[in-house]
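First chain A sits with chain B, and in the next complex the same chain sits with chain C.
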Partner chain A sequence: MSRIFSFLTATRGKGRLHWTDWVSYGYLLFGVLLMFGPVVWLVLSSFKTPNELDRFPPRFLPYAQDVAEVEGFEEPLLLFTVTEGDLAGQIVAQTRRAAGRAEVVLPDDPENRIRMPAANLEAIEGIAFATENYTSLFERFNFLRFFWNSTFITVMATLIMLLVNSMAAFALSKYQFRGRTAVLLMVVGTLMIPQTVVLVPLFLITFELGMLNSLWGVIIPGAATPTGVFLLRQYMITIPDEILDAARMDKASEWKIFWRIIIPLSAPAIAVLAILAIMWRWNDFLWPLIVLTRSENFTLQLALNSFQGELQTDWPSLLAMTVLTLLPIAAVFMFLQKYIATGIASTGGK
Partner chain B sequence: MASIELRDVRKSYGAADVIKGIDLNVAHGEFCVFVGPSGCGKSTLLRMISGLEDITGGEVVIGGDVVNSIPAADRGLAMVFQSYALYPHMTVRQNLSFGLENINTPKSEIATKIDEVSKMLQIDMLLDRRPKDLSGGQRQRVAIGRAVVREPRVFLFDEPLSNLDAELRVDMRGEIAALHRRLGNTMIYVTHDQVEAMTMADKIAVLRLGELEQFGAPLELYNRPENIFVAGFIGSPKINFVAGRVAEDDRTVLEVATGERMVLPSGGFAQRPGQAVTLGVRPVDLQPVQGGTLTMQVRSVEQLGGESYIYGHLTDATPITLHSPGQTQVNMEETIQIGPINDQLHLFDTETGRTLRMD
Partner chain C sequence: MLSIISPLMRLIEIPMLALQRLLGINRLAWVFLLPNLVLFGLFAFLPVILNFFYATSGSDNVMLADRPYVGARNFVTLMDCSSYLDPNTCREDKFWRAVWNTSWFVTLQVGFMVGFSLLTAIILNRDIRARGFFRSVFFFPVLLSPVVVALIWKWILQREGVMNAFLDWTGIGGYNWLVDAQWAFTWSVFISVWAHMGFYTLILLAGLQAIPRDVYEAATMDRASPWRTFRRITLPLLSPTMLVVLVLALIKGVQTFDEIYAFTGGGPGTATTFIIQYIYEEGFAGAPRLFGLAAAASLMVAIVLLILTLIQLWVNRRNADG
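Now for the complex of A and B:
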């Protein structure tokens, strides 16, 4: 903890701040604002009521008007402060409002209804988090279903992709066979074809295989990626052949060499690829949108999209679910980010 | 029985012949060293014996069985690599046990064997460390331990000491020799260092450009080299070569290229009058002598106290090295007379490079 503190407060000047300290901290602060501003805005907005979201100009923190239970009224009433007239300074509860005039009562005296211009009333507001935005996700929508779909696709697709890619990379980096270079060139060549170009043929194949509207239809087509094969191959090339020879002399089968020698030694590159794959799969939108049409198969990204209707958008649910969608990927990134730095440095990838 | 026999073994990569037909017989329990300059194919030959490299032609026979088509793992060999090739992600113990686990050795037996071998190689206190935490010498021991623990029929060493510093190399040399005496296995050891070869081997195979130049005991190679290459490769400091021609009138007289005449030992060589020959004399057999037949211009003198080296050249710039015991009176830039002090001369046909020795 003290190390983090001393790191964060490190200065060039001793005792007082050097001008470079001002510049660097200013620049860093600017970066933090740029990166975290939208995220903070999103999180705070997800706790706002629909009225507050529509308000212009917008306010930073979520506010809600105070209400009070008043005897004789079923619903809680909104509270106001009176600004002019006899009751100036008093707190009143509004019972009705129409055409610029409001009917209010004093909370202690609910029988006596007073009429006054609405302009004389000032709303009493306090910071309040509209947690119902979140609870309704679970009540009105099948959030857990979407979450499960997304998790299943991400985990399975990442595992399958790592397995397929690392086996391909092992063969391409450590075995001599006729046509090896040709295979590698083809793999790298597919990097140059954008996914949108092959979208239609891919769809047709998926359709013919009967994988439409199934989670496997999302997982299988992305099981082997040229980037992954290439990244792992470049890393595995650096593993000395003598180690493999030693393992062969030790009577290890090729399969065992792959699992016990190659995989552990490629761990940094595999970690990088895993992180990239998790982020890619979790955030993937276009392909699931094409394959999955029934709402019980929706991933979180598709569910988010469905909140945005042609005529109206359910902003509170959309914002709340966006926050929940961000959380797992942020957690994964936080735990694994050190591998990204070390892994990318050693694989030369990016 | 784990003798090794190579029968006309060949290896080519496409059109390039790397091993050009080698016949060799290593008896059971022998320590055989393959030596040669880099690129001579000695490591390739070792890898062909191990099974890690395919054989283009000929047969490799281990313990009486032709093993050409038997995979490396089933040949009953163990190999120590130049880079040690330890598994970096495993502890020393796991490195040692990996091979045993692969042949389904019971756990208790693995533990006993590792215990025994690690004690013998003095790595028992390192068992839970990883290779990166070990020094070069310790890694070397672990690599040897990994070979020993599997109790192979034959040990193969591929330049195992070349990554160590000079002092450690001498120590490890002694240890490997001791290991051989203790285990009594057949061992094949590849090196480019002729000192290693001379000190450790029962038999040395000198290779050059994929061909076997000579195969024999160390002193046999030193005393009776079959050709110019072996004479020049074995022995330190390097043997002196003097080019010349056998006199037309007297075949016991050598006309040196400088014009000087020198008497050859009477018997033993089959030289013809007028034949172009190369005389080989080891630095210890050539000394400054009163009335010596050759004139040497001294370039530098190294006085080591107990012994001295004199470097220089003949009048036609043929480089000459003298190695004499004790301290010498010769000074730099001096011109001295030198001559062989005994019959330890080697005579080669300059054209073919082969020895003219008759017996």
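Now for the complex of A and C:
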């Protein structure tokens, strides 16, 4: 026990690496494999042809059989190497295959059809990224529709939330008025009411407002968040009151002060909240599942979930769609990683 | 985007200016608060009140006026058991299965998650190269949507998936994981820890980094063993953060739904059906829609979460004061 902890707590071994450093790096590299591995596997799999996806055991990289255009044939033909017989070692193109026998031609001599047992042929394969999985999403599914729904909900909900929450935070940080403590307590109170425990009445209210099966039914109920109010208020408190007073001297209206001074000065906090909101809304699942029941209103998350539930799971399309769903979040992560970490650590929410 | 927003803001200024003249500056605060308070009222406080009406009324009608008052009958139905330890003896056996599944799940998930997060945070807090990279690697899955997490692991664990290929290769042999109740549950705990541990690692790492270096230097001067240093310095000084992490993980754990629903659908059977899924299925997925039972069950979850949240607020306050 003591040894385990000596490696966990020791700091740098002087000069060369201590054995505990090796164990630490081992753990971290295993972590890289465990955390990134599955995502890498998903992305690689999404570029495999249906045949390749059915293959067991699977291969790491996506392979596809080489094909060649041969004169006199409309479709490109699959290429094979002959393993036995007169033509052993030659590359041939297959024109037909039935009952264990294949009809092939030499690519240079397309007129001369040769028959041989299919067992004598070995497929020529190369690494190839099959993009059909992706293109078929646009042809066979309403992918753009789902993408649009998700984007619309995310953008609108984020904008509304930022405006509403920053207005409230402004009032709570820069005004002295009776009832301020009561309002603050009320905001704390909403922390204790997660959406998951009021689903039924929330459903009724959304229904009464005529927002069932509408994207607004997803956007509006979550537009005000206690987390957002607290985060922004905490930041706005640090803005000196003198700036506001100076603006009032210049006869700026309160709204102008809010919009022209407070908002730009709170930009870092607003950026953090915006990233969190984008993440929450893009990944949101339970409430959209309840509100949006018609498939033309589905968000990407709902579409993914409903396709995987179908009897015959169409993995090629599903994998491609999963990749496209995580892509925007992955992009946000790459560019704004630092903000996300601070945002999540300071609000305790995700 | 700005070209739409800017004129909009100038447009809002007109009524706001009128209100400012009418109310005076300090009462204008209420105008700024109004949209937020209306949303809170409509979508948080009103639902809490309405939830009591649903929980004490029957039928599958969503309109409150058409729902007959049934008193505590929904609660009686939920609580009707010969033995609470055995869901088979309960009238609403699915509810009790969900309760027990959730209890087990939360215990295991929170235990493993806090354990691994602590281990990872301690290692990341050492003097290692590329710390930023490793930290973001562990954090990355936190951003993935629950459905994406579920699909990634479903693809890996499916019968002809890469996990079984690997096990075949090692000679252990593959298995049809998600049709076996116990394995489905185990993997549910696993993917949930996988997806969320980065978040808690981040908080714990921040807690570790807040411990002053000179305390450790003093310990080294006194020739304290690393184990002793860990027990006597790191753990006590980290305990406020640990408490935050624990309560936060419990609050999230009780509400687990998305990723497991997309991963197993609650199955096989009811092996991975948790309490929120029970509420969802009674109220929204099944026919007839038993809003009363769903609301009654929600109320019970709400009480558990209320207690946890009060503990959370108390912990936060204590940490802020201390």
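Assume the second predicted complex is superposed on the first by the 234 of 350 C-alpha atoms of A that agree within 3 Å, B and C clash if a C-alpha of one lies under 4 Å from a C-alpha of the other, contacts with A are read in each partner's own complex, and residues count from 1 in each chain.
We adopt the following convention: contacts are C-beta pairs under 8 Å (C-beta built on N, C-alpha and C of every residue); 3 or more make two chains touch, one makes a residue touch a chain.
Remember, predicted model here, so these are calculated numbers, not experimental data.
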Please name the chain, chain B or chain C, that touches the greater number of residues in chain A. C
Considering only touches as defined above, state whether A:193 meets chain B (first), chain C (second), both or neither. second
Partner chain in contact with A:325 - chain B first, chain C second, else both or neither: second
Identify the partner contact of A:175: answer first if only chain B is touched, second if only chain C is, both if each is, neither if none is. second
If we overlay the two complexes on their shared chain A, which of chain B and chain C does A:264 touch? Say first, second, both or neither. first
After the superposition on A, what does A:242 contact: first (chain B), second (chain C), both or neither? first
Based on the superposed arrangement, let me know which partner A:256 touches: chain B (first), chain C (second), both, or neither? both
Output the chain A positions appearing in both contact lists, the one against chain B and the one against chain C. 253, 256
Per the touch rule above, chain A residues touching chain B in the complex are 240, 242-243, 245-253, 256, 260-261, 264-265, 267
Touching residues on chain B, where the partner in the complex is chain A: 47, 50, 52, 71-74, 77-79, 81-83, 85-89, 98-99, 102-103, 146, 150
Touching chain C in the complex: which residues of chain A? 1-2, 5-12, 21, 24-25, 27-28, 31-32, 34-36, 38-39, 41-42, 45, 54, 56-58, 159, 163-165, 167-168, 170-172, 175-177, 180, 183, 186-194, 196-205, 207, 220-224, 229, 253-256, 258-259, 279, 282-283, 285-286, 289-290, 301, 304-305, 308-309, 315, 318-319, 322, 325-326, 329-330, 332-333, 337, 340-341, 344-345, 348, 350
Which of the residues in chain C end up touching chain A in this complex? 5, 9, 12-13, 16-17, 20, 25-30, 32-33, 35-37, 39-40, 42-51, 53-54, 62-64, 119-120, 122-124, 126-128, 134-148, 151-156, 160-162, 164-165, 168-169, 194, 198-199, 202-203, 206, 216, 225-227, 229-230, 234, 244, 248, 255, 257-258, 261-262, 265, 276, 279-280, 283-284, 291, 294-295, 298-299, 301-302, 305-306, 309-310, 313
